[in-house]
């Protein structure tokens, strides 16, 4: 399963090179991840309301072409790794089908303020949509270093 | 009393006009306000630890000249309004003495999640450093609309 | 004329009070303004491509209730002031009809790097949609200090 | 050679988990990189003034412990990779000596709007301070995938 969000680049997201600042992509990925979770019936606000958190512990991004003010971007997200204690998402940022950036995030499960196993019901839901390392990442890539 | 912080404009804070994006000034003012509170013995982290918050309920900014990447800015803050339930700060953003922007913020006092009187000890400390509407703002300006 | 955009609060836009940080509203207003300009046939990217800029020279925001992660917000924009050299927008940020914040921005016209008259064709287009000070701002409010 | 900057976490940089949002670290790394370049006599503003850019093409971050509002962080930067067309920095984010995050960025050299060789004089300066993959990154880590 893969989710897609569409977003429009904001002026504030550009920098003086005239392109979207690289730090903003982490925010785009997050928006895509949130939508993914919502799509599978796990709205993140409700997850947090149970005291369960998935803080980002690893982030990787490769930039292939710049995005610009006003661009309409598509951000695709997939669950690309799942273990009892952590999970991993992979992302693609595209503009009209052209790949602008790709990335991944790794998340630990935390209950309250400590690392913990992913609660049973969440784990079951996530298992159903786990689709393995996507998008042809090579074995050398950290994505598979679980 | 007036506090001053010095900060260096970050690349990420610029936009494609080649200047600091206007939204970033709100962050600069906040950094100046935090330093002001620390200077008078009220570190905001400790204020919040008591369940006391001063959320921004009004913000005004006037931009006179742009700031650019690498500029070293001075941000001056003064407590310019104080009542039992709210307070107001006034700010100047300068570069080598030249005024780039000025602004104000108004804050309600909140204890837990509701509006409340400013706790006695905080109020006393704030009273000591309250210096009235500073920087020559004219009476028409919202700063004085308390 | 009034334009409306709908946006979903991003996690990154929250702060440790658990609400949208006040600086982010300037970004929301900007997104609404960009959409307004696009709706009247003046995509801002094309305006800039002609070397015409409308930098923000004044910003005012009043916060009435907090927005939270995941909230779907509506941001309404209107052209509330227009002169040969500057213009002014007024905004409302709402959630399901409830007013969360209102604000305004004032912009100078700049051609290349200097203040200038708004080019004829742009001025004509803007005149058509100028709708006066909206949303019942009181005369004391800076909006009317033109 | 290694440069170090000291910065204080801003309130706006926190999110509703009560910690610094992960996207902000990219901004911290950038501030450290800018300081590194300045320390070796290559102020980035002057580099850009010549039409030379080093856009980020890869970014990797590992988060070990959260940073919080008011924390004073040290961000260390080293030039960890250098070829005629790209370069790589490695970073550590620390608080009182404890490692909070580590990361790297890879940059292409661009002259005007196209990829290009790093200009001779810049390359010479960079060579002098190139110190190889630092901080004990293991061979499997992308840092060494040059």
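As written, the chain order gives the labels A, B, C and D, with residue 1 at the start of each chain.
Note that contacts are C-beta pairs under 8 Å (C-beta built on N, C-alpha and C of every residue); 3 or more make two chains touch, one makes a residue touch a chain.
Computed from a prediction, not measured in an experiment: that's the story for all the values here.
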Per Cα centroids, the chain farthest from chain D: C
A-C or A-D - the one linked by more C-beta pairs in contact: A-D
Chain centre separation (chain A, chain D; CA means) in Å: 23
Chain C and chain D, separation of their C-alpha mean positions in angstrom: 35
Geometric centre distance via CA averages, chain C-chain A, whole Å: 30
Interface hub residues of chain D, defined as touching at least two other chains: 11-12, 16-17, 19, 23, 26-27, 30, 69
Residues on chain A engaged by chain D in the complex (per definition of touch): 16-17, 19, 22-24, 26-27, 30, 48, 53, 55-64, 66, 140-142, 145
Touching residues (chain side chain B, partner chain A) in the complex: 11-12, 14-19, 21, 23, 69
Chain D to chain B touching residues, read off their complex: 8, 10-12, 26-27, 30-31, 34, 43-45, 68-70
